[in-house]
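You will see two complexes here that share subunit A, one where it goes with subunit B and one where it goes with subunit C.
After this line comes the complex of A and B, so read on.
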């Protein structure tokens, strides 16, 4: 019966939409922070500004969209129904937004109570999300690599948040912790175990779907989430037992698995059968190439740790993987999801009597393409700013804010058109009814 | 062993291939060829819908008593897909490649998410509930779809 309900329980549009419309604003905030702090923010990955900007992007943008999209997609890909999706979406959305602002403020100011409240709000929010999704997934058998990926990613989400809380409290109250090693592990669980595995789980579905490519090979798809999880467990064990060599090996394993996944996706996209490359496809190409470079930097550090001390190495890794990899993947998907959900909701409100406009009437290719060029320019400036911070830090921050403000504008225009069409459809239905 | 899931999934992939042929023709600017290829795709899709609506769904409904459940939603989505295919073919007939690509994008995603629901949920449910009828149902589906 579980599966049957899923057919009709698509959550209301308002559930995922609130996440999609606020996420770009946090990326704008991160860009403005970089522009405000200027060259100092590029001194190292440990500056308060760099830490705050990073979390505005990873929690404010990435986690927002990921949780919002999961609320939408769990019924379709896994047959898992969340209880009261709209109420869950509202609470999680508010919790994440407040939590990330507190966290950014806490990291910038170093105020223990602010860091502590950020940790509390974010923990409760993610806990609520995890409880609701685990209740929905508990009876769902793992019949596809996508379902396995989602389950493992949720496990990693608990891991990254748990470590994040320890780090925030450690920082706030001066606990004697190996902060740097734990921060690396926290990033590993977040970017590899949560974001990376979730991305792969979604890619198995959306890459063939959007681009008409061949499917991912089954064996590799089943292995990737498991392998990534194993590497992170080994890495965690290595930190607990203080075995630096094992930590490096696990890092190398995770990086190579990521490179293999990105390389395979590039190869599949090369065999796509759509008539024309679109913004989603180009965004993914950018994301895949930037991720491969980033993971190459990471594997070099695993083999030769002294590389991490080279100026700009860690920052380049972070910028390439997050601003160059995950943001393009996510934006590329938003550019399909938002127009498609608009079309689907218009279609069902027309009750098969009034047709819905096609997706490109909601958001046109040209609008998406221009915004993508702005993002690519911002990425290039951010990378250059690592090496020429005095000249480029502020322009790079502004460019990043502009690119993400533009993304917000595009999505907001799409929703405005959606509402316009919805009003037209309702008027047409009312007119038909009156004529009968 | 052939199951409803494997057999019908195979037919989805065949429809995808036919759709891709039309896309290839559009990308080469040959709208006449695209119209022919899209016609093949549409016939294959309509045959697939028909065999589901006339053979598979009624058997499933009779066996499980679920008449208002998943099969009803799938019928509704078939209706939406028929509409999208009509719009796409009209765009090709008026040689409007731009309009076609807009329609095709919506069609691809609608079609793929519909297929995903069938392949991951409905077909496995059919395999599970129709064990006794399986050989007969498969035989009928094969004759309907392989003509």
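After this line comes the complex of A and C, so read on.
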């Protein structure tokens, strides 16, 4: 059966799965932290609690899923095979999990040794991942916008971690650094250069594939990663040379490029051929609309810097882009990837003799839809809590924890069903063998 | 569907995985020696490339402005 051959080189399911199953737990922790800290956490984006919660989400949830998914998907979208994917996955997973807990503890307590340890663990972990992926990608020609996007995103990953280490050590040991400007730049490399470009590179493949839309125009998708990278390099130069106007121009450029990408994706989704909207489609619609609002806020600050001083402006930007944009994009993709990988591994283990169950038997549309409504409610509460923290900070944190706990539950149920079907298939195969 | 490059075309741009892979393999089985087929997709099918190489097929890929990858595969 030739159709089976394509699956032979897929990494073992356990490689990406460990990331997907732990990521929601860090988001639960972030929600509980918001609930525990209460209204004070919404005082500014610089409170220790806000910094810790942000990193629990960006590293604990986003980076976990992104690196886990890359280990799985690099052979499929780039033809790049990682050496020993399971061993790499184990090490990177442990490193990220320990590193983000140390970082959250270090940011909350301000203890220099904890912050330094977090920086060390996270640097070594990301370095290991980068070395392994670069070795896999080094001989891969850049034949598609997706491969180009992945390569540029990996460069940005090095940038965001490098700046993160400088910031963590600067904070720990009181180095005379422009911490706020560097933190903005760190966020720019992380959310724009790494997460944004990687998201676009994956969207070029998964949006047409899973949502049956037209493709992304070749020229725009080819130039988007380079344009983002150029904006971030200009922004970095502006910080080094102390040219605030150039920094604002680069921010504006990056924000407008993001809005263009989101607008284009919305237009493509409008032309989709799948009649019924599913949870992934709805999650992406939410993510795209929230991102456009967030990037509009960022553009306004770039043109009119005083806007950043308006109460809640920066927090609204962060909540909209991360909890409103990236988390829905990632969760929407998880809701396709986990049932698809389960089906693929079941199909493969059936050896074309025992059929795999349909994907909706692994995770039903209704389960995903209800969880999505919980996430949308948590997002609305978080946004409202920025303006009414005394009443809403704790309910918003709890709602966010519940929505992500629910995501974990849905994924765990999917895996439990996968294991049940796997046992059934193995039993059916054994019975066939015994009957021969 | 036919195409200037070959009359044997699988337009898999709006198919869900693994349909494009299966349809391509089925068409390759039907081709005669020396014939070529064209696969249209909105992504590069790296797992398929691997199978094509393993089975001794040559292929050439072109990216069109609308984001379509045209993969011309020799029997």
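Here is the rule we go by: the second predicted complex is superposed on the first by the 428 of 436 C-alpha atoms of A that agree within 3 Å, B and C clash if a C-alpha of one lies under 4 Å from a C-alpha of the other, contacts with A are read in each partner's own complex, and residues count from 1 in each chain.
Just so we're on the same page, a contact is a pair of C-beta atoms (placed from the backbone, for glycine too) under 8 Å apart; a residue touches a chain by one contact, two chains touch by 3 or more.
Not measured: the values here are computed from a predicted model.
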First, second, both or neither for A:217, with subunit B first and subunit C second: second
Partner chain(s) touched by A:336 [first = subunit B, second = subunit C, both, neither]: first
Contacts of A:204 with subunit B and subunit C, given as first, second, both or neither: second
First, second, both or neither for A:358, with subunit B first and subunit C second: first
Subunit B versus subunit C as contact partner of A:285, first or second or both or neither: neither
Partner chain(s) touched by A:77 [first = subunit B, second = subunit C, both, neither]: both
First (subunit B), second (subunit C), both or neither touched by A:276: first
Which of subunit B and subunit C A:47 touches, first, second, both or neither: neither
Intersection of subunit A interface sets (partners subunit B, subunit C): 3, 6-7, 76-77, 79, 143-144, 205, 208-210, 212, 273, 340
For the subunit C and subunit A complex, residues of the former touching the latter: 13-14, 16-18, 21-22, 25, 42-44, 46-51, 54-55, 61, 63-69
Touching residues on subunit B, where the partner in the complex is subunit A: 16, 19-20, 23-24, 26-27, 66, 69-70, 73-74, 76, 79-80, 83, 87, 99, 101-106, 108-110, 112-113, 116-117, 120-121, 124-125
Subunit C contact footprint on subunit A (complex, rising order): 2-3, 5-7, 9, 75-79, 143-144, 146, 204-205, 208-210, 212, 214-219, 221, 273, 340
Subunit B contact footprint on subunit A (complex, rising order): 3-4, 6-8, 76-77, 79, 143-144, 205, 208-210, 212, 273-276, 278, 336, 340, 343-344, 347, 352, 355, 358-361
